[in-house]
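Same chain, two partners: chain A is paired with chain B first, then with chain C.
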Partner chain A sequence: MKTIVIGSGLAGLMAAYISKKRGDDVTLLASGAGTLAQNSGCIDILAYTKDKTPVTSPREAIESLPETHPYKKIGIKNIEAATKEFLSLVSSYGLPYCGDLDGVIKVSTPIGTLKSTSYVPYSMNGAALFDAKKIVIVDVERLKDFYGDILRDNLTKHLPQGIELENITIDLSINGARDVSTIDAAKRVDLKEGFDKLVEELRPHAKEGVVFLLPQILGLRGDKAYKALIEVLKTPVVETTCLPSSVNGMRLVRIFCRAFSDIGINYVENTRVIRGVIDKSRVEAVVAKAMARNVKYEGDKFILATGGFLGGGITLESFNNARESIFRLPVWMPEGEKNWSNEKLFGSCPQGFATAGIMTDNALRPVDRHKSVIYENLFVIGRNLGGYDLFFEHSGNGVALASAYHAAVQSVK
Partner chain B sequence: MEDIRVLIIGGGATGVGILRDLCMRGIPSLLVEKGDLTNGASGRFHGLLHSGGRYAAKDREAAKECIEENIILRRIGADFIEETEGMFVRLTSDDPLYKDAWLEGCEESGVPVMPITLTEAKEIEPALSPNAAEAFLVQDAAIDGFRMAWQNIASAKNYGAKFWTYHEVIEILSENGKIKGAKLRDNITGEEKTVYCEIVVNAAGAWAGKVAALAGLSVRVQPDKGALIAFNRRIVNRVINRLHKASDGDIFVPHGPVTILGTSSISVDDPEDTSTSREEVERLMRVGEEMIPGLRNNRILRVYAGLRPLYIPEGGVAGRGASRGFAILDHEKDGLWGMFTIVGGKFTTYRLMAEKLSDQVAKKLNNTEPCRTAEETLVNAPTEDEKESAKKYFPAFGLDIATHRLGRVRFARVSKALKKFPSKRILVCECENITLAEVEEIANEETTHNLDDLRRRTRIGMGTCQGAFCALRAAAAYYRVKKGKVNAVKEMRRFLEGRWKGIRPALFGNALRETELTRAIYELSFNIEGEMP
Partner chain C sequence: MDNQHERSTSEDFGKREYSASYAFSQMADACIACAGCTASCPVTNADGEYVGPKLIGPAQHRFAFAEEDLEKTLKYCTNCKTCDRTCSAGVKVSTINMLTRGKYYDSHPHKVRDMMLSNHSLASHVFRSIPFGSKIANFTLKIARYCGILNMLGVTRNRKLPSYSADSFVDMLLDLDQTPKNKKVVLFQGCFIEHNAPKVGMAFVKVMEANGYEVLRDEKFVCCGSPLVSAGYIEKAWENSVINAKRILYWQRKKIPVVACCTSCSLMLKEEAGELFDDELLFQAGTNVYDAFEFLKKLKQNGELVSPSKKSEETLLYHVPCHLLSQGIGTPAKEILENEGGSKVKVLNTGCCGMAGSYGFQSETAKISLKIGEDLFNRINEEPEASVISDCATCRMQIEYGAKRKTLHPIEILADLYEKKEENPST
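Up next, the complex of A and B:
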């Protein structure tokens, strides 16, 4: 079967990977770099219910979601299978993740709040923080967007009493005139001299009962730097999340790139798909704008993973005029100014605009207003889907993986 | 005990103008403002320094005042004015007879007008509609309300001026028909205090009616809402006015890297009502598009509204029909000696309004010093040498604008910090190239009480990202300056909610996209909701 995947965010990459593993001939069409490098790479399955109650067991919470939620169409079995595939992929490429569907993992953010998620690389698992005698919060000289003092102030509130917190600032001797990002620092740590400097700076603080809390700087090469560091320091080390672009997102980008070349996925970059070629209720091909001319890609099965408003797969050029630009699929959106957004940006209910997207049947094929399937061999995944506010409930990467898996494993006539 | 003679209520353009004027005449004065400076109409308008053209057809007196003040302000306030020049454009659908009346009005009011050919007009303003029928150049300019107010304050302080922001008047005190003072509440601490003075000047803009009521007086001020849209790029190079009877959405003003389109005119009851709706955005866009056809392809940064304090004399009308002129009321005629109210007017003529009011106050206090506000420059700019040597540390694009924002003294301090501490060269705002050193300089001032105060002075959060990246950095800088005494997470959250208010009515296109990025950062990566356990 020839499968064409459009879009190179987490959903598209995963769909291509699973499709290929199942024996399809896969072409992935990407218009740009994709959003994965901006992605935290934390696999959030579901952290909040619709009234912002923290979820303690995603498996149970998914049960009580409304029927319109993508998870309800995908089903818990597929969610579980998808995460299993993901875990085995990242682990075989040197970035093992921990976590499960029955509890949550606490991750520290750079501002000292804790974030609940389901699967993270071991370096981000915040569990060690709770068992520490002392947490040493590590600022890096000239590094932007990490504020150890603020982190400490807030983190204290979330930890059991009696844990000592200390701020230190280390110097990784990063040269250059411009501001230093976590990615610059991570690249530095990937180099031997950078790693040695890191060890040298941390070692004096590495005592019994100490846990280091670092910005996300432990290299771009899987968990190599992390493993080496805990081995020499003999103390737990924890990384926080970070502003985009994200180091952990970049780690995943590298994993998918390597996996794709190993298993042979035809990955076409810089190609913007502009329209579908339709024959009745089937997509025959898509036409993409390449550097100099239009190219047609024919296939048996098509997976749309171009993202929502942020990714650019759905646009809203003026009010009430949402568009999916390739297949002109109907985009469901809440009607009226009041339902479109809340008075507060952050708050205790989901934002209407964030739930706008394409509605599908249980197989994730797009449907029209009467719930009839529009194209029988087209599947819609990730943030192209409507009916959930991923930012509110923290479910984006979970839906991305699960919908990708669900779409990839289905055959078409 | 404050040793003052005049208490000025209201930190808008008029109030700061009066403070400077009175202090220059040697009259000790205190200005109080219930929020930050310019939190009313003076910080919420299109930032247009009128040439007078806008009023020439209807109100020649106003047009004449505008052109005179326009010339004075360019001279004394170069640091808050961008000399863009202006253009009046008549579209084929606009009445040519109106243009004739307009030209005549300009001639009589002394507003210089230069006709240009359509070819020339299209050459200098390529975005202009093909339906343009005629074009004229005038001396409009862009003016920064925030900077103007703070520079007035800086100048006034050289003459001993006092000013307290976040101080609200809760009672006006009088005795035997004479002003005695006022009772104030510090809106930060909640503490109350009394100041004694001989004169109270009510320059509270849209709130003037409420302030007058505190003294038992009745002044009818109709708050008139003007909504505006800020776009994320310079769509036009000069102020573009539609040459027709004044209406909504017919003026474009370029400001540095953004363009403002305004305005509407809606009577509202509540002087705090600066809400805007989708409908207002649509209306402004529809009219704006007639002049600039590709308007919708530009990203809207935000939508905001200010309230014009239109004065309605007995039997007068509200809305666009109401006079844009100003009125000075000496309440001695109402039986209260020492109380004045100044209402109406335009930002462009703030200095003139202040002069006229100050003349009356001075007379009442038997002070015979003449007004000197038109002669003295507001701030000293850094010298070319100082700028040249700072170039090594400043981000290239941010240097000139930083000198305008900072003035000579602060610029010297910021340059020194940048030179000495490379870590302070970090850009807090990457949209407008604002360094940590500058943010810290302003955060350190005692008048800075939150990130929004910091924003109005530095422009953090006002550029393309609307706070997505700088809210965190600014909150951190502020937290450090305040030595950890503020909750950084709460501050950044409040700041982002403030930005949201302006984004929400225009939540489509790239503004929507940017909002999702903001949510991705603050909700997903930072879990800002998880602030407390």
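Up next, the complex of A and C:
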């Protein structure tokens, strides 16, 4: 089967990977590098219900979602299978993740708020913070985007009382005159000199009961630096999430690059799909803009992962008229402009505009107003989907993975 | 007839100012500052001075009216275009960089080294015009390197400049005595194939012959301008672009496509020139330009490709040049070599090699260049038995130096699979 995947965010990459592993001939068409550089790489399944109640078991909370939510269409079995595929991919390329669907993992942000998620690399699992006698918050000299003092003040509010917090600043001797980004620091730690310097700076503080809380600087090569560090220090080490550009997102980029090289996915960069070639209710091909000319890609199956408003997958053609950009699929939006947004950006109910997206049947094929399938061999995944507010409920990467898997495993006539 | 037409279409062609245009201020404003380009930038990842594409490109551009001089680390940009490919907002960061660099050199002197490294074709023509010119040139370069003259000029002592081949490509093509055929392509051979690696050009000719094509040359073609742009000779690059585009449009009217084996040449001719100089005619000329394997893939899709008689079961590690990735056509060489040649082609996905034309030769950037290539070198050396291929001449040079592995153009692999002098009726 010839499968064409459009889009290179987490959903598109994962759909391409699973399709190829199942024996399809896969071509991935990408415009821009996708969003992994801005992606925490934490797999949020579902952290809040509709009334902003924190979820304690995503598996149970998914049961009570409305029928229009992508998870309800995909089903818990497929969600679980999707996470298994992801876990096995990352672990076979040297970045094992922990987590499950029955509980939540707390991770610390660089400003010390605690975020609930479902799957993270072991280095980001915040559980150890709760059992610490003392947390040593590690700032790195010249590093931007990490705020040890704010982190400490915020973290105190969220942790059990009686845990001592200490701020230290270490010097990793990072070369160069420009501001140091978290990626720069992580690259430094990937080098032997950088890693040795990190150990040298942390060792005096590594005592019984101490947990180190670091910015996301433990290298870009999977969990190598993390494993080596806990082995020498013999104390728990926890990484915070990262302001973009995300180190953990770039770790995933490296994994996908290598996996695609190993399994042989035809990855076409720098091309924008501009339209579909349609025969009745089937997509026969898509036409993409390359330099100097357009190129037609024929396929048996098409997976759409071009993102929402920000990614350009959905555009507002005129007032009250949102359309999907390639096939001009209808986009569902809440009725009435007063329902498009709330005044309180981070308030206690979802934002209407964020729930806008394409409505599908249970197989994730796009449907019209009357719920009839528009194209039988086109599948819609990730941020293209309507009916959920990923920012409110914290489900972005979860829906990306689950929908990618669900679309990839289905065969077409 | 033809000449008249040529003159009339090119009357206004290229008379415009080449400086950063209004279109570019608009383009810079499309940047949403997501910093994805900076996270992916090979130079930013290899070096701690370079402030990165986001700041040096769109951000700096917004302040251009207030700044006298340019951001001093702009010199580290390789024009590999990873930033442009990364950007989901469509900002051509590298083009902003190159125009800004060009503007700087409007009022600042160039180094002798820059002139030497970016005017390859000019120097070569001088050498070619005297007997044993290539030998003299190679000898001179060798002496200059060992005496430290090249180093004094700003060329790294550690690396050997590519040597001149005894015969140029054009000499070899003229000696070949091709049978005239109805189906024709023009090869834009570019400076490197012409003077240093004519065997790549000859491999292309062999493949095309086997497919019933005659390969023409056009002696009016000049350097595509890519090395000139990188070195900040923007006006000269613009002049070259206009000369080449006129010829390409001439061939377009004759319905003969122009094909290039060098991916930086094809990128410049297809779209980079149009982007830099904001000229519709340059874009129009680009529509008649093909990468060699893109053209072969087109033949295959039309059912016209003659399968080679031999098959290879070799594993090939394929470093895809940045300037091919930018063309948005994927990896046609992989498709042809796998489906027609029987090879197993592994695309390496390890990012830019770091050579970037003359970047790897310049004293101040030679170290960064090798650092950029580290991931690629390590990946290649994981598989010591496999052969290595890459379409770009300077990528091949970098791999041969950094990974110590012989590297071929994919067209050389394909050419070997066709029998010599295979004649096919051109139907």
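In this section, the second predicted complex is superposed on the first by the 411 of 413 C-alpha atoms of A that agree within 3 Å, B and C clash if a C-alpha of one lies under 4 Å from a C-alpha of the other, contacts with A are read in each partner's own complex, and residues count from 1 in each chain.
We take it that a residue touches a chain if its C-beta (ideal position, glycine included) is under 8 Å from a C-beta of that chain, and two chains touch if they have at least 3 such contacts.
As the structure is a prediction and not an experimental result, all values here were calculated from the model.
Q: Both complexes share chain A, so when I overlay them there, do chain B and chain C fit or clash?
A: With chain A as the common anchor, chain B and chain C both fit in the superposed model.
Q: Of the partners chain B and chain C, which touch A:312 in the superposed model: first, second, both, neither?
A: both
Q: One more residue to check, A:277. First (chain B), second (chain C), both or neither?
A: So A:277 meets neither chain B nor chain C here.
Q: With the two structures laid over each other on chain A, which partner does A:115 touch: chain B (first), chain C (second), both, or neither?
A: In the superposed model, A:115 contacts chain B only, not chain C.
Q: Per the contact definition in the header, classify A:38: touching chain B only (first), chain C only (second), both, or neither.
A: After superposition on chain A, A:38 lies in contact with both partners, chain B and chain C.
Q: Applying the touch criterion given at the start, work out whether A:269 contacts chain B, chain C, both or neither, answering first, second, both or neither.
A: After superposing on A, A:269 lies in contact with chain C but is clear of chain B.
Q: Looking at A:391, would you say it contacts chain B, chain C, both, or neither? Reply first, second, both or neither.
A: A:391: touches chain B, not chain C.
Q: Would you check which partner chain A:244 touches, where first means chain B only, second means chain C only, and both and neither mean what they say?
A: both
Q: Quick one: is A:191 in contact with chain B, with chain C, with both, or with neither? Answer first, second, both or neither.
A: So A:191 meets neither chain B nor chain C here.
Q: Quick one: is A:349 in contact with chain B, with chain C, with both, or with neither? Answer first, second, both or neither.
A: neither
Q: Superposed on chain A, how close does chain B come to chain C by Cα atoms? Whole Å, please.
A: Once the two complexes are overlaid, chain B and chain C approach no closer than 5 Å between C-alpha atoms.
Q: Under the contact rule defined above, give the chain A residues that sit at the interface with chain B and also at the interface with chain C.
A: On chain A, the overlap between the chain B and chain C contacts is residues 38, 244, 246, 312.
Q: Show which residues of chain A lie in contact with chain B when the two form their complex.
A: 38, 40, 44, 48, 52, 109-116, 141-142, 144-145, 147, 149-150, 153-154, 157-158, 179, 241-244, 246, 308-310, 312, 315-319, 337, 340-341, 343-346, 351, 353-354, 390-392, 394, 396
Q: What residues of chain C sit close enough to touch chain A in their complex?
A: Residues in contact with chain A: 34-36, 38-40, 45, 47-52, 73, 84-90, 267, 270-271, 283, 286-287, 289, 325-331, 334-335, 346-350.
Q: Using the touch rule from the top, collect the residues of chain A that touch chain C in their complex.
A: 27, 31-35, 37-38, 174-178, 180-181, 183-184, 187, 244-246, 249-250, 257-258, 260-262, 264, 266-272, 288-293, 295, 311-312
Q: Applying the document's contact rule, which stretches of chain B touch chain A when the two form their complex?
A: 277-278, 282, 296, 422-423, 426-427, 469, 472-473, 475-476, 479-480, 484, 487-489, 492-493, 496-497, 500, 504, 507-509, 512-513, 515-533
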